[in-house]
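A single structure is presented below for examination.
Residue numbering begins at 1 within each chain, and the chains themselves are lettered A, B, C and D in the order written.
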Amino acid sequence: MIRLENVSKVYKGSVVALRDISTDIQKEEFVFLVGSSGSGKSTFIKMLLKEEEPSEGTIYVAGKDIGQLPRWRVPYLRRNIGCVFQDFKLLANKTVRENVAFALEVIGRPKNIISQRVPAIIELVGLTDKLNSMPHELSGGEQQRVCIARAMVNRPPILLADEPTGNLDPSTSADIMNLLERLNESGTTVLIATHDHAVVDRSRKRVIELDGGKLVRDQVRGVYGIG
Amino acid sequence: MALRVNYFVDETVSNLRRNVLLTLAAVSTVSISLLLLGVVMVGGEVLTKMVSSWEGKVELNVFLRDEATPEEVKALGSQANGMPEVEKVFFESKEQAFEEYKRMFKDSPAITENVDPNALPASYRIKLKDPNSAEAVASRLQGQPGVDEVQFGGEAMKRLLKFTGVVRTILVIAIILTLGAAILLIANTIRLGIYARRKEIGIMKLVGATNWFIRVPFIFEGTVQAALGALLASALIYAGKVFGLDRMQDAILFLPLTVSSGSIIRMFFTLLAIGIVIGVFGSSLALRRFLEV
Amino acid sequence: MALRVNYFVDETVSNLRRNVLLTLAAVSTVSISLLLLGVVMVGGEVLTKMVSSWEGKVELNVFLRDEATPEEVKALGSQANGMPEVEKVFFESKEQAFEEYKRMFKDSPAITENVDPNALPASYRIKLKDPNSAEAVASRLQGQPGVDEVQFGGEAMKRLLKFTGVVRTILVIAIILTLGAAILLIANTIRLGIYARRKEIGIMKLVGATNWFIRVPFIFEGTVQAALGALLASALIYAGKVFGLDRMQDAILFLPLTVSSGSIIRMFFTLLAIGIVIGVFGSSLALRRFLEV
Amino acid sequence: MIRLENVSKVYKGSVVALRDISTDIQKEEFVFLVGSSGSGKSTFIKMLLKEEEPSEGTIYVAGKDIGQLPRWRVPYLRRNIGCVFQDFKLLANKTVRENVAFALEVIGRPKNIISQRVPAIIELVGLTDKLNSMPHELSGGEQQRVCIARAMVNRPPILLADEPTGNLDPSTSADIMNLLERLNESGTTVLIATHDHAVVDRSRKRVIELDGGKLVRDQVRGVYGIG
């Protein structure tokens, strides 16, 4: 589903964020991406979305070399990838409901489907009473959950989540992880970049670890720390 | 697709409502810019009318010899009438000329009392389609039998024509200047409005929106703002006509200081069209650099 | 405090550099708005000069009786000279009047040949400081010994004065309109620029910045933008004078279509002052609502 | 140092974020504020900064009722409180160095002090090689550390930190906590709102727990969960 071949990323200013990464994530896999602060996790995710271009190497998503993708096809790539951004990226001028609905509007879903699926997914992340709030009226964790709802609402084949539990307490965080695991069971490929010890250790899924931009570990049923 | 239109309309309305400051700024800039443009256009119309009426007063005077035979006079008249540059030809007999002369100097009886009614020559007064052709027509009539002398206002008329020429040039410059200013000012405001929302645009792209999906609401928004601006500008100009021009007109009847309501309606549609074109192009262009995500 | 000034200057420079789009938008809006204002001001100066020169041509003609004694004539002359409204008094003898008459009708010898050189009366031609006082002066001179009749252009002059009055009114309206437009347009742009940075302002406040600490760089920024805008506008107007007005002037010498470089320099300082005042007040006002954190 | 007396906060829209909170934090104390997502932790912190006003009750900071503070004194209150914001609140147009320096510019520190203290504190949070980067060129955890550096640089008597380790890996996070503890030892009153199990449990400091806006626990040497 996702394949990287010798991918490197050097930001202008000669910051090497990723060095010669090769890896392969199968369809319906559930993978954690761990590594210390600045090790390149978000860069990894941004490149899958074509938000950043790799400096070297090739990235395949769903079998296609996304480096070759013409500009106008990029939105269609992104519609197949739900993404929870580290900084949420909610639309400040839209309510919770509208933010989540936006992912469906974009792909042209009819109104009745939208008005049915949006409240359902918002209920799943526990924000039914915030349906009509604006993002700035939400707590950090609530914003994060809206972002998770938006990433899942159109049932994408791939879900990327960058630090999806960074602003959540352990119990809410466990709920969200359950949600993601269920999503994975229903066929979605899930990639989660995280620092959360507890989350990684409990799930016992495949763990890819980055260190200073290098892939230093790829373990099938891993834990957060090497131990 | 019908659903899309629905979304676009909703989106446009909510953008206009939720970014009140941006909406107000855009509408006021559009209306001020178009107001200036409209004022120049209306003023230009008034001035052009005035200038044309001055030019319309320019005439050629073909003075006839006292000895000219009636046949010569008639032939001359029909020759003048046949010229393509000529609009109208009047004949002024010796008596009419004297009457006119007396009218001119009615305040100075000392002058008229001493003039022999027969001293003044008969003449053709020729009105031209384009006053600039006066010299050419004059020189063609000059040598004709029965013609004593052709006068075409000479220096004074040349000056008048140069002056009206300058007025017309200045008007064209003023319209170009205000149109250019309106385009730049409106484009600037649109760009700033989009700049203030650049983050939102980037987010929309990352969530999978196509450029058109993002662009359409902005274009709708620009159109609505342009329409409101044009309406406001036209309303102000109409108020200016009713409370300003029309009252002035009452005070000075001799100047054609007037605009018809019809031409204000025409101006409204012109402003509307200009505003919408700038709005649509401006927002499309301004969006470009923020859509590259 | 010296250190503060340092910080403010650094901050201003880096804001201008790092928000290129905002800087460009502000400078271009300021320069376009001030350009329009400047053009109206310069155009107003030219027109006022033109109109004044027309008004300057208005004269009173005091025709003298042929029987008037030299003493009466002299007394009348000094009375006229003594009136506060009068600028200058010329005497025109019967001979001069005839010469003038011949000059006027030099194209129609038929008319002059029949006039007795003595038929025309001698007269005083009186130039007034303010042509509007013509009627009053005329009525005071009317009954004086030796005076036959006082003419003051009558209807035609009244019309001219009404016309020049209309021109002046329109000029005042034009200046108010463009000044108002400039104020609103510049204020709008400033507000949008601040709106785009509202988040930064909120953050600064949360980190402990006082309102003045935040305001000063914005005010400096507005001042620099206003100065650049005024400079650009003045440069364009100067170019317009050199490549436009001065060339037109060469083409039509009879119209006083000219502006001195001095008055352009004066205009630059006026525009600069207006720009800075709007910039400073505009940014202070626009900041207010974002400083309430 | 910080005292709340029967403080309640109702946001417009009738969201009750805090209900009748009374508590007292002594000078030089080190306190964790825990609670699930949306329980009112950030609201608590925002009220101490006078970013939000309480709907009822009185708040004293350094012995003064901040409800009575005239508007023009508010900046002076904030200068005595370093704050790590949950959403970082870095100035997007300034480099890392300038962002940290800003907290010193604001209080009119001379240039030589600024140019000496800023790199020192940035080194403490491990970002020396990012001194001249802009915030958008930083990873999430790096941004968070810049925010921490800014909050500490002017050595404020009070430090508030809202989820300061949400975007940090466990080892960086431990470094930051050590830093905060040292700061506390040197006399700063520290209040940390957090979800981070590990951090709270390891420190064994006073823990205040909020639940649905109510103060449900105040324990001298507490852990994250009640257990």
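Methods note: a contact is a pair of C-beta atoms (placed from the backbone, for glycine too) under 8 Å apart; a residue touches a chain by one contact, two chains touch by 3 or more.
Since the model is a prediction, treat every value here as computed from it, not as a measurement.
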Under the document's definition of touching, what chains do subunit B and subunit D have as common neighbours? A, C
Counting one step per pair of touching chains, how far is subunit D from subunit A at the shortest? 1
So which chain is farthest from subunit A, going by the mean of the CA atoms in each chain? C
Using the average of all C-alpha atoms in each chain as its centre, how far is it in Å between subunit B and subunit C? 23
Between subunit A and subunit B, what's the gap in Å when you average each chain's C-alpha atoms? 61
Taking the mean of the CA coordinates per chain, how far is subunit A from subunit C in Å? 66
Give me the residues of subunit A that touch two or more other chains. none
In subunit B, what residues contact two or more other chains? none
Touch-based graph of the chains, sorted into line, ring, star, complete or other: ring
Of all possible chain pairs, which ones touch? A-B, A-D, B-C, C-D
Okay, in this complex, where on subunit C does subunit D touch? 3-4, 6-7, 14-15, 18-19, 197, 199-200, 203-211, 213, 293
In the complex with subunit D, residue positions of subunit A that touch it: 11, 13, 15, 34-38, 41-42, 86-87, 133, 137, 139-142, 145, 162-163, 166-173, 195, 197-198, 224-225
Sites on subunit B touched by subunit C in the complex: 21-22, 25, 28-29, 32-33, 35-36, 39, 63, 101, 107-108, 110-111, 113-116, 119-121, 149, 151, 154, 159, 162-163, 166, 169, 173, 177-178, 181, 184-185, 188-189, 191-193, 195-196, 244, 248, 251-252, 254-255, 257
In the complex, go through subunit D and note every residue touching subunit C. 49, 51, 72, 75-76, 78-79, 83, 85, 89-94, 102-103, 105-108, 110-111, 150
